[in-house]
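Chain IDs A, B, C and D follow the sequence of writing; residue 1 opens each chain.
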Amino acid sequence: MDFFQILALIVPAAIVSAAPLILTALGGVLSERSGVVNIGLEGLMMFGAFIGAVFTHYGEQWGLGGGSPWMSFVVAIVAGALFAVPHAVASISLKADQVVSGVALNFLAAGLSIFLTKKLFGAGQTPDIQERIGKGDVPVLSKIPVIGDLFFSNAYSTSFVAVFLAFVVWYIIYKTPFGLRLRSVGEHPMAADTMGINVIKTRYISVIMGGAFAGLGGAIYVASIAGNFTGSTISGQGFMALAAMIFGKWHPLGAMGAALFFGLAQSLSITGEQIPLLKDIPDVYLLILPYVLTILALAGFVGRADAPKASGQPYEKGKR
Amino acid sequence: ACGKDDGGGSNADGKKDAFKVAMVTDTGGVDDKSFNQSAWEGLQKFGKDNNMKKGTDFKYLQSTAASDYAPNINSLVRDNYKLVYGIGFLMQQDIQKVAKQQPKAQLALVDSVVPEKNVASITFKEHEGSFLVGLIAGMQTKTNKVGFVGGVDSELIKKFENGFKAGVKTANPKAEIFVQYAGDFNKAEKGQAIANTFYGKGADIIYHAAGGTGKGVFTEAKNRSKNGKKVWVIGVDRDQHEEGMPEDVTLTSMVKRVDKAVEEVSKQTMDGKFPGGKTVEFGLDQDGVGIAPHKENVSKDALAKVDEYKKKIQDGDITVPKTDKEYKTFEANMKK
Amino acid sequence: MNLIKGRLFHILVPVVSVLLGLLIGGIIMLVSNYNPISAYAALIDGIFGNGYNLGETIRAASPLILSGLAVAFAFRTGLFNIGVEGQLLVGWLASVYVGIHFDLPKVIHLPFAILAGAAAGALWGVIPGFLKAKFKVHEVITTIMMNYIALYTTNGIIRAYMLAPGERTKDIKESASLASPWLQQLTEFSRLHYGIVVAILAAVIMWFILWKTTTGYELRAVGFNQHASQYAGINVSKNIVLAMAISGAFAGAAGTMEGLGTYQYMTINNAFTGVGFDGIAVSLLGANGSVGIIIAALLFGGLKIGSLTMQSAAGVPTELVGIVIALIIFFVASSYLIRWLTNRFTKGGKI
Amino acid sequence: MEYVIEMRNIRKEFPGIVANDNVTLQVKKGEIHALLGENGAGKSTLMNVLFGLYQPEQGEIYVKGKPISITDPNIANRLGIGMVHQHFMLVENFTVTENIILGKEITTGGRVDLKKAAKEVKALSDRYGLSVDPNAKIENISVGMQQRVEILKTLYRGAEILIFDEPTAVLTPQEIHELMEIMKKLVAEGKSIILITHKLKEIMEACDRCTVIRRGRGIGTVDVAETNPDKLAAMMVGREVNFKVDKTDASPKQTVLKIENLVVEDARKVPVVDGLNLEIKAGEILGIAGVDGNGQTELLEAITGLRKVVRGTVELNGKNITNHKPRKVTEAGVGHIPQDRHKHGLVLDFSIGTNMVLQTYYQQPFSKHKILKFPAIFEKANQLIKEFDVRTPSEHTLARALSGGNQQKAIIAREVDRSPDFLIAAQPTRGLDVGAIEFIHSKLIEERDKGKAVLLLSFELDEVMNVSDRIAVIYEGKIVAIVDPEETTEQELGLLMAGGKKQKAGDRSESH
C-alpha cells in the first residue's frame, strides 16, 4: 500500500468514528461552558443510542423506510434533552455535586436502557435495524483530487451533520447574545446575575441542549455503526467525548478537532496492522496508541486547559 | 430459595425427583444472537418436548458480570436443578469449583473442558465448520482476497481462523487472506474500521468471529453494497442472514448448534445417562457445526465443494487445522 | 445543638436516600408489571437469606470498599480519580504475577502479593498525578486514558507471557491466596475470602493517614488550597503525586481482592470490571469517610448479589438494581432536597 | 422632601444572624451619601437588598417616592439603580465591551455586534472621562481600570443611582483620587451615589451625608459638613477611637534582612523587580510605598521563596536565603502576613484551629513522628484566639465562616506567635474597619519593640506614614528613595511613587 492508499483508508474511517464523539463532546461543551460539569455524557449517549435503536426499528415497522433513522434522531434529541433533566435538576436546583450527579446519570442510563429494552423486546438487546445511515460520495466535492477522495468519498451524511453542528455551536456560543450569557454564567454566575441574567434558566437550557446533542451522538452511533443497542454498545465513548471536550479546551471546534484526532488515532491503530511497517508491532501497542497519543499531546504541546471558572459550582444567590 | 436443606424453594409442590434443568448465561444474555441464545433455544425446545414448565422446571439465569457466574451456578444447584449448564468457556473455573464443592451436582460446560466426574464438557469443532465457509469464500471471491475478523485473539477464535484459512486455501490456493483481531467483542466501530480496511484493500468476502464487533463488519458491507460495490460477510455461530438484510450481504453463516448439544445432553441426563467426566464433541458428524440453511447466495459449485469436503472430513481423509501450528503444517502439505 | 443536628443529618441523608431509591424502584416495578414486594423479599433473601448469599455479599463488598476508598482518598485531596478501574486492573495483574511466580512461605508471600498489587496501582496513579503536578494536565482525562491503557496492556501481557487455557493466567499458588476453606465452609461454599479483613484494614489506614498524620494534613491542605499550601511551605507537586499514589494503591489493592481472593487468577478482560466506577458511588454514599464507605460497599455489594436472587426468584431483571443505585446516588448528591424536606418537618416557626 | 431612594425599616436575616435590623436609609438626588459601619455591620447586605439580590424580611423601599418591591437585579436596573460590588462582578476572560453589554446586548441580525458596542462603550467612557479601552480583556487590566468598567456597566444601563461598595479598598491613592473626581462628575450630571467605605477621610472629602450602621442597626444619618472623623468613628464603633498610632521612636539595631541587586521576573519573563537593594534592621518598621504593579508583590514572593530569584541575593541575619524553599525561609525566621488572605493566608475549608498551625504542624508539640497531636494544636489555637481577640464560635469553626477582619486577626496571630526575626505584613488592614486596624497596628509596633524587623507593604499612604519608621519608595522594581515619615509629606511621597526625583539629600539607594 502506498501512502495515499493508507490515508484513503484511515481518514474516512476516522471521520466515521468521530461523528458521534463530536456531537457528544459538543453536548459537553454546552453544558460545561454554562458551568455544569457533565460526567454524565456517557449515560446521555447511551440513552440516545437506546432511543435511536428503538425508534429506527419502530420507524421501519411503521413503514418509514430510509427515513427511520432520521426520525429516530429527532426522538433521540428530545429523549437526550429529557434525560438530561435529572442532572439539571440535581446539579442546578438541588445544588448536588455535579460530578456525582453525572455519575448517577451514567448508572441510571445503564440500568434504565437495558431494563426498558427487556420490557419492550423481551430481550437484552434491541432487534437489528435494517435502515442504517449509508455512506456515499458527496456530489461535486468528491471529484476534487486528493481531498475529494479523503473527505468527501465514501462518507456518512451524519459526519457532515456533526461537523456542521460544531460550527453551529461555535456560532451560538461565540456570536449570539445567548452564547455570551451562557459563557458568563459559566465563568462568573454572580456577575451574570447582577446583570439581570437568569443563571438558573440559562444553565438549564444549556444542560438540556447538551443532553440533546449527546443523545443525537448516541443515536448516530447506532444508526451508522452499531446497528442495534445492547448493554455494551456504548462502553466508554461518552468518556472519550468528555476527554475530547477537555482536550479541545471547552471550545466547540477544539472538541471537534480532538474527536477527529481520536478517530484518527484509532483508525490508525486498526489500519496500522495492515501497513507493512507497522505490521510486526504487537497488537497491544496499536490498541493503546490513541490513549497514549492523547496523554502525550496533553502533556506536550496542548498544555494546560482551563475549565470555565465556575464549572462544578452550584450557583447560590448571594453566596461568596 | 431460603433455608439450607429444604431443597426445593422454588419448587414448592415438593416434586423432589422431577427433572429440572437450567443454564447460566455469560454476560451476553439469552438474546445475544449467539451461543447463549442458541443454548436457551435448545433448552426451551427440550422443555416443550417434555411438557416442562418454564421458569421452574427449566430456566436460565443471566450474569451481568463475570463475578456473577459462581453465585448463579450455585443458586441453581441449591435449587435442586438436576443439570446446570454454564454457557461459555469463561465459566470453566467456576464450574470446576462448584463441581468440587458439590459432588452431587450435575453440571455441564459449553465450549470448554472440565475434567471432573460430575461435569459434562461440550465442545464443538468450529474449525470444521469454518473450513466449509472457507471453501465457499475461496470459490466465490472475485478478487481473490478475503478477510477474517476475530474478536479477541484466543485459542477458541483461532480455531475459526485456521479452519477458515484452510478452507479458503483448499478451494483457492491463490487467494490472499487478511486477518485481524479487534481485541474486543463489543466494539462495532472497530469491526467497521477493520472491514473498511479489508474491503478497501480489495477483499470482497469477510468472515467474522467477533460477536458485537462483527456488527460493524455488517454495517460496512451494507454500506458498500448500497453504493453498488457488492461485498459479502460470512456470519458466525447462528444464521446471520437477517443481519445482512435488506442489502443481502450475508453470503452464508457458520452455525454452531449449541441448541442441539444442549438438547442432546439434557435428554441423555434425563434418561439417566449423564455424560459426566466426558467431553462431548460436536462436529460435522453430529451436525453440531455446519453452514446455515439460507443457501441462496452460495453458488452451486461451492455447495458441491462443501458436500465433497464434508464427506472427506467425516471420513478422516483430511484433518482441519485448529491452531496456527497445525495450519502451517496443513499449508505446507498442500504445497507438496 | 447544631453539631448534633449536623451529625444526625449526615446519617439521615444516606438512609433517606436509600429508602427513597428503593421506593422509586418499587414504583418502577409496579409500572412495569412486577411485584415489588416479592421482588424486594427476594432481594433481601438474596443478601442475607443464607450463609452462601451473605458470604457472597461480603465478598462482593471487599473490592468495593477498596475502590471506594481510592475514590474518596483522591476526593479528600482535591482530585477526581476516575482511573480506579485501570489501577485495579494493573493491581490485579501484579498480585497474580507475584502469586504465580514466587515460592515463599504464606506469611511473606501473601503480604508481598497484596503489596505488589497496591504498588502497581500506585504506579498507575502516579502517572496522572505527575502529569497534573508537572504539566497541569487535567487528571480526569488522563485517568480515563490510563483506564484503557491498563485494560489493553494487562490483556496484552497475559496473552503474551502468562496465558493458560481458558483466556486467563494460571492459578496463583496457595501461599499467596486470600481464599479460606474455613470461611467458604462457613458460608456454604461461597467465595468469601480474607480480603474483607484487608479492606477494613485499608479503611482504617485511610482514616489514619488523612486525619492523624502530618502527611494527611498536607494532602488535605493541598486539596483545598494549593496557594496557601505553597505559602505554608508544603510541596504541592509532591503531594499531588502522593495523593494519586495512595489512591492508586487502594485501587490496586482492590484488584488483589479479585486476583488473590475471588478468582485466584486473572482473566483477559473484554471490558472493564465496573468495580472502579462503582467506587465513585460507594465513596459518595459513604460521604468519603472510612466507616461510611464500608457500610455503603456492603449495601452495594448486597444489592448486586441480591439482584441475582431477585432475577431468579421474582423474575425482575438485575438492571433494576442498577436503577435503584443510580437513584440513591442522585438523592445523596441532592442532599439539599432532603435538607429541605427535613426542614419542612422540623422547623417550628423560628430558627 | 422627596428622596430618590428611601429604605424604611429594613430587616434581613441570615440563618442564625440578623444582618439588618430596622435600618433606614434616605438618599437625596444629586448627593454622595456615605454608608459607614464596622466589618459585618450589614452595609453590603443592605445594598444587596436595594439591588434586588436579597429579599428583606421586613421594610419598604421607595424609589422616587413610589413604593416598589425589588425582587430581581433586573428590576433594580430598570429603576435606574446600578451597583459596583465590593468583589468585582466581572467575567475575567471577557473583554471590557462584552462585560458591559452582557444582558443588554447590541445585536445585528441576531448576532452580537461587538464593533458597534465597542463604539458605544468608547463614547460613554469618553463622556465621563473614564478612558477605558473597550477591547481589552479584564484579566489584563488594572484593578482601577476594572472598577471603571464596573461603573461603565451601570452607566450603560442608564443608572441614575449608583451604589459603590467599598470601591477604594483595592485602589492606589492615585486611583482613589481619580475615582473621587469621577464621582463628583457623576453627581454633577444629576446622578446620586451611595458610597460604602471604611476610610473616614474619603467621607469627609467627598460625601454630603453619612448614614451609620452598627451591628445591623441604623444609628443615624449626619451631614458631613457638621461632623468630624472622631465623631463618625465613635458613632460607628460605639466608643472613642484613637487614630494616631501610639508609638515611641524606633531604636534600630543590627541588619536583619539585606537584599542586593535583586532581579525577579513575572510570568511573562519581564523583570519586574529590577536590581533592587534594601536593608531592614531589627527594631524598625520599614514601610514600602509605591503604586501597585511596581514589583511589590514579586519582591515579597521572592523573599519568601514563592517566586524564583533570577539574580541578586537575599540575606537573613547574614545567611543567604536566596531561592530557598518557602519552608526553609520560614524556618530561618521569616513571618509573612500575605496580601491575599483567602488565596494564600488560609485554607478556608480547614477549621480556624488547624489553620493556626499551617507552618508548624510538622513540629513538636503539634506532631510527633508524623502523628498530629490535636490536643496541643487546639490548645495553641485557643490561646491565640483569646490573645488576639479572634471572634469565632469555636476553634473548630471553618475559617471560611469568619469575617474578613477576624480571618486577618487569625493570620496575624499565627505569624506573630512564631516570633519570627523578620515579619512581612502585606496590606494587613485592607478592607478592615477602624477598630480592627487599630488592633493590628498596635500588634505590629509591639513586634518592633520586641526587636523584630518588620516590613510593611501598604497602598494606604496614611498607614505607611503612621506606622513606619522609615519609608522606602518603590518604582519600576527599584527602591528609588528612602524617607523619614516625620519629615515627608503625602505630596512628596506621591511624587516619588510616580517616578519623580527626590529633592533632598541623603538618598543612599539611588547611588547604586
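Keep in mind that, in the parts below, contacts are C-beta pairs under 8 Å (C-beta built on N, C-alpha and C of every residue); 3 or more make two chains touch, one makes a residue touch a chain.
Composition by chain, UniProt nomenclature: A = Sugar ABC transporter permease; C = Branched-chain amino acid ABC transporter permease; D = Heme ABC transporter ATP-binding protein.
None of the values given here were measured: they were computed from a predicted structure.
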Practice item. Just list the two chains that share the greatest number of C-beta contact pairs. Key: A-C
Practice item. Could you tell me the distance, in whole angstrom, between the mean C-alpha positions of chain C and chain D? Key: 46
Revision key, fill the gap. dist(centroid_CA(chain A), centroid_CA(chain D)) in Å evaluates to 46
Exercise for review: Give, as an integer number of Å, the spacing between the C-alpha centres of chain C and chain B.
Suggested key: 35
Review point. Multi-chain contacts in chain C: which residues touch at least two other chains?
Key: 152, 155, 159, 271, 319
**Study point:** Sequence positions of chain A contacting 2 or more other chains
**Key:** 232, 235, 283-284, 287
Revision key, fill the gap. Contacts with two or more other chains occur in chain D at residues none
Practice item. Pull out all the chain pairs that touch, please. Key: A-B, A-C, A-D, B-C, C-D
Study note, to complete from the structure: Within the complex, chain A is touched by chain C residues 28, 32, 80, 82, 131, 134-138, 140-142, 144-146, 148-149, 152-153, 155-157, 159-160, 271-272, 277, 280-281, 284, 317, 319-327, 329-330, 332-337
Exercise for review: Spell out the part of chain C that touches chain D in their complex, as residue ranges.
Suggested key: 211-217, 220-221, 224-225, 227-235, 351
Check your understanding: In the complex formed with chain D, which residues of chain A make contact?
Key -> 175-177, 179-181, 183-184, 187-188, 190-197, 309, 317-318, 320
Exercise for review: Quick one: which bits of chain B touch chain A in the complex? Just the residue numbers, please.
Suggested key: 27-33, 62, 153, 178, 180-183, 186-190, 192-194, 196-198, 200-201, 212, 215-216, 218-219, 222-224, 226-227, 242-243, 245-246
Point to revise | Touch list for chain A against partner chain C, complex | key: 39, 86, 89-91, 94-97, 99-101, 103-108, 110-112, 114-115, 118-119, 232, 235-236, 239-240, 242-243, 246-247, 282-284, 287-288, 290-292, 294-295, 298-299, 303-305, 307
